[in-house]
Structures are given as structure tokens and as C-alpha cells.
Amino acid sequence: MAVDVATPVYEGPFDLLLQLILAEQVDIYEINLVTIVDAYLVEIERMQQLDLDVATGFVLIAATLVELKARRLLPDQGDVDLDEELALWEERDLLLARLLEAKTFKDVAGVFATLADDADLSFPRQVGPDERFDGIAPDLLEGTSVTRLRNAAIRALTPPAVPVVDLHHVTPITVTVADAVAELVDELPRAGRISFRRLTDALVDRIEVIVRFLAVLELFKQGAVELDQTERFGDIAITWIADDEFDRSAVLVDTYEG
Amino acid sequence: MTDASEPSLGALIESIVLVAHDPVPTELLAQLLERPIDEVDACCDELAEAYRSEGRGFELVHVAGGVRFQTVADHAPWVERFLLYDQRARLSGAALETLAIIAYKQPISRAQVAAIRGVDPDGVLRTLQARGYVAELGRDDGPGQAILFGTTPTFLERLGLRSLDDLPPIAEFIPGPEVVEALEDGLRITPSIDVDAPPA
Amino acid sequence: MTDASEPSLGALIESIVLVAHDPVPTELLAQLLERPIDEVDACCDELAEAYRSEGRGFELVHVAGGVRFQTVADHAPWVERFLLYDQRARLSGAALETLAIIAYKQPISRAQVAAIRGVDPDGVLRTLQARGYVAELGRDDGPGQAILFGTTPTFLERLGLRSLDDLPPIAEFIPGPEVVEALEDGLRITPSIDVDAPPA
């Protein structure tokens, strides 16, 4: 089975490889190599303006991946060139070392996030002296460079980012039918009547679509929705028919494992 | 003195007044902490008395319609020595940002500065005016006739600028709101693999 | 507690730290107050302990090479309500990873960061510089004379660290055998049926 790379957000080829290998527990044989090589190409293009050495290193890593995969797909030919074999091992170890280093700093970043969150709970006093001491430092701008003023302007005028829940360091949450039911119980009463296709068109992973479908069936079983399919294989219309008093917690769902 | 789950009123007052740039009216404290104002007033008096009796280097005083922390008068010589010595005695981050906004966006009203910074710039504006870095330029033509602020020749002189045109451009650094998030998140790549997106 | 003519060391420290914008190095306090640094350090610890045991709303902490007053963490909800806005935007994952690399590998060039992260950190680096967490330390002696970056005291403040020495040793983060094994397994050269051991 080839693994569809459907991770919504990743940052560059190392991140992608780490996510695939560590979070999804897949090996290079299963990975859709095109996506990874594409990610490398994007970064190589960016990095050429930065540093030729770095870019060259990236080409090498991409080539190693292709070589690794090719080797896995082909049956053992028996007559391996020992030099080539050693070179491949070497390249593979280099890639491994790179990934380990990237992983190390990813984990450090997680600790930094915790430190920053803790530090956020305390607010420093930055009030400065009161007006009784105004005479002491008549020039508060002494030593302030134009660059410092410019940076302050950039800080102040940059619109704040929309707060996002950063799941960067969290392993992807497995979608459960129970979660999907909870989502639907929230979503469907507002939608009233909605087609299954519309309900799922924002989803990327096929497994998510399947889980939603199971959730819809669950709600149908509970009598919370009405289903309507006008033709075979046609779209399914879902209508919320439960009243306001519908007890969400009553929807007990078996946990579908695997 | 205080239960871990329920901070004491005194401790809460201390926290808020510690970070306030301007004296905090006790009415505001009462409102924020959802306590009767009499209780807040009494608590402030208790705190002030406690600091006095403990011989603290700071005191809690009523000034300009609110309470604030300030250094005890006897320590003025040491505080002055620190302020003179401290190479970093300069505008606070908040003051510098406000000054920067005014420098780049003048003429600008107080409300506009507040909208950008997310806080009332009153105290900071007063400091900047008192220091002669910022002055009233005139009034807005609009209905509110808001006072408009701008920087002064003193400001230019202190920064070694001949004119406002000498300020380094910032437009290239200020992204629109839609790209800020992307910038913050770095250069993330979204895989383009949705070859068979379901029809709408 | 204190003689009117001779203020206590603790009270003097309180006064100075109260008016400071940034953490005050204890060396500076010792110098200004003409006391041995050990005594100043011990006195800061005593003050911090006293505030804790009295259940004060503020604390005296060592951060970024100095001491400062800050509000106690438990009061965050009330202080935030007073300040009305979140002054400190959360750092994105990309920013944190870049900071992690720079913190442990400084001085470091942009290309070196890129080689470790696998992405060009240009946008993130600019954001970190604008926020003041990262600064240019100098230039590489090598042919390219690349700009070298390092972390700033603001970075230490942001993370609540006393100094870079407070960072946990990087060895603690080197992935454990199970991760190494998973990666080795993911990057196997031979098909899975083969039980070839990797070379030593």
C-alpha cells in the first residue's frame, strides 16, 4: 500500500520525512517519493540563493532517498558493486544523522514552548522611574539608534497573527468516530440539511471521510438525522431532525479500532 | 496568609499595580476584582501600612486619582545614582513603540495610537510630551476634532536625523494581515496532492 | 526593621529594581550600593523568599542576567484582564525550532540553520530579529563573511531563563534508541525480509 502524503502542514523535507517515519511508522518503501522529492526541489530552489553547499547537500539527500527506494523495489541482483554499496550506506548514515539532528531541535523547541508559556504567566514590571526622577535622565533617547526606532515601529505596526493552535509538536490525533459524532452534533443542527459531499469536502484524508460517514450512520441509528439518497452512488442528503433537547451525551459510540 | 486556590485581595492588588504604567483608580481595581470599593480602599491602606512597618524600599501611594508603587523618598540618592549610571536608562519598550508609531504615522490621534497598540497610550503620551519628543500638531477636521500628535525637532535632533524623510523606510517590513500568519509560521509548504478533490 | 538614617540593603535593592526597565544585574547593585556581591545575592534570595512566604502578588526573580519584579503566575488571569490584551504573541513552531538551533549553536549563520532545519529560515529569522530575540553577533571569518546570529537577553526574558547556562544540556534531547531504530528502519537499504545488520 502506498501511503498518501496528506499531512496538511509540514515544513520542508526533513519535517516531512520525520513525520512520515516517526508519526506514521512507515518506511521508505511505502512513502510516495514524488512528494518528498518535490519538497526537496522546492527547498533546493530557495536555498540556491542562500548557499550552494547547503543546496548541494540537499540534492545529495534527495538522490539518496531515490536510491534507497529503488534498492527496495528491485529484487536483489546478487552482483553488487561493493564501492557503490558502501557509498550508499554512507549517504544513508548521513541522512540519518541529519534527521536525528533535526529531531533533536524539534524536541528542544517543544521545551522552549513550555518555558515560554510558563514565562507568559508572569508580567514584568517595566514602568520605570516616576516623574520625581524626570530631571535625572533628561534625554531618554540617548543611545537609541534609528534602527531601534524602526524595529519598534515594525513590532508595533505588524498586525498580530491570528492565534492558531499549534499542533506542530503533537503527533497527529487519530480521528475517532466518537469525535466525528461530537463534531456533527455541533455542526448539523446549524446546517439543517446538507449533502454528505459538502459535509466532507474540506477533509483531506480518506480515513476522515470514512469516519464521518460512520458517524452519520451512528446518528441515523439514534434517530437524530434523516438520510436521503435519490440515486445509487449519488450524493446523500442529511437532515437534522432531532429537537433542541437532543442529548448529545446519549450518543454512545463503540470505538472502532484500526 | 493566603489560600493557594484563592489569592488574597491584597496580593491581587499588588499584581495589578505592579505592572500599571499609571496610577490605578481604586474604582477600577474594585471592578476588576469584583469587590466592594470600600474593601479595596481599606486593603490598599493595609498594604501601605505593611510596607511602611516592614521598612520596604517601595511604598503604595495614592496619587493622581489612583494608587501606584513608588520608591521611598529616603532612597532618592541611591535611585538617582542607579538612573545616572544605568546605560540602559531609556524609554521603555511601550514608550518607544508609541514614539515609533507617532514618528511613522503622524499626524495621528490618541485613539489611532490606542487602536494600533491595543492599550490606552495616555501615560506614555504624557511622558513623551513632557520629554519634548512629541507635541500636539493640531486638530482633526472630523466630527470629534481629535488632537493630532507628531514628533518635534527635539526628537529629530536626539536621533541625529535631519528630517523625517531620513527615517528608514518600513513598508517592506510591514506585511498585510493575511501574510502575517504565514510569516510567523515560517515558510511552510503545503503539499499539492489534492488531485482528486471531491466536487463541490 | 531599619534605622531611619541607614536604609537596609534589602530596601535599597527594592527601590532600585522597582524603577528599572530591565533586569538589574546583581553586580551592578553591588557596585552602586557598595556591598559585596555575595551579600547582594543572598539579600535578593531573602527578599524573594519573604515575598513568597507572605503570599505577595509580586515576586523577585533572576532572569536574563539580572533581578526584576514580576507578578506571580497564579494571578495571570487578573493581570491579563487589567492589561486588556496579550502583549506576547505565541511563538510559532518554526520560530521555536529556529530559536532552539540558534540558542545551542550560536554564533551560527543562516546557511547553517538552513542545513539543520532543512528549510531556508530567512522569514523566521527576520521575525525573530524584529521581535528582538535574535541579533547579529558579527561576521564569519571565512570567505563568504556570513552574518552570524545569536540570542539576546530578550530571548532569555521571554523564556524566563537566568542565563544561557540555564538551558538544559542538549544531550538530554538526543533522540532515544527507539527513535533511532524507527528512523533506521524507515531508511532501510535492504528489503524488510532481509535481516542484514547495519555496519558498525
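Order of writing sets the labels: A, B and C. Residues in every chain begin at 1.
Here is the rule we go by: a contact is a pair of C-beta atoms (placed from the backbone, for glycine too) under 8 Å apart; a residue touches a chain by one contact, two chains touch by 3 or more.
It should be emphasised that the depicted structure is a prediction, and the values quoted were computed from it without experimental measurement.
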- request: Identify the chain whose mean C-alpha position lies nearest to the mean of all protein C-alpha atoms shown.
  value: C
Task: Average the CA atoms of each chain to get its centre, and name the chain whose centre is farthest from that of chain A.
output: B
- prompt: When the centre of a chain is set as the mean of its C-alpha atoms, what distance in Å lies between chain A and chain C?
  reply: 26
Whole-Å separation of chain centres (CA-atom averages), chain A against chain B: 36
- prompt: If you average the CA atoms of chain B and of chain C, how far apart do the two points sit, in angstrom?
  reply: 23
Junction residues of chain C, two or more chains touched: 18-22, 58, 69-72, 74, 79, 83, 89, 92-94, 119-120, 122, 130
Message: If a residue has to touch 2 or more other chains to count, which residues of chain A qualify?
response: 11-12, 46, 123-130, 133, 154-155, 158, 160-161, 164
- prompt: Which chain C residues qualify as touching chain B in the complex?
  reply: 1-2, 4, 7-8, 10-16, 18-22, 24, 28, 32-33, 54-58, 69-72, 74-75, 78-79, 81-85, 89, 92-95, 98, 119-124, 126-127, 130
Message: Could you list, by residue number, the parts of chain A that touch chain B in their complex?
response: 4-12, 16, 35, 38-39, 42, 46, 123-134, 136-150, 152-162, 164, 197-198, 200-201, 204
Query: How about chain B: which of its residues touch chain A in the complex?
result: 15, 18-21, 68-71, 76, 79-80, 83-84, 87, 89-101, 103-105, 116-117, 130-131, 133, 155, 158-161, 166-168, 170, 173-177, 180-181, 184-194, 197-200
- prompt: Which part of chain A faces chain C closely enough to touch in the complex?
  reply: 11-15, 17, 20-22, 25-29, 43, 46-47, 50-51, 53-54, 57-58, 68, 71-72, 76, 88-89, 92, 95-96, 98-113, 115-130, 133, 151, 154-155, 158, 160-161, 163-164, 166, 168-169
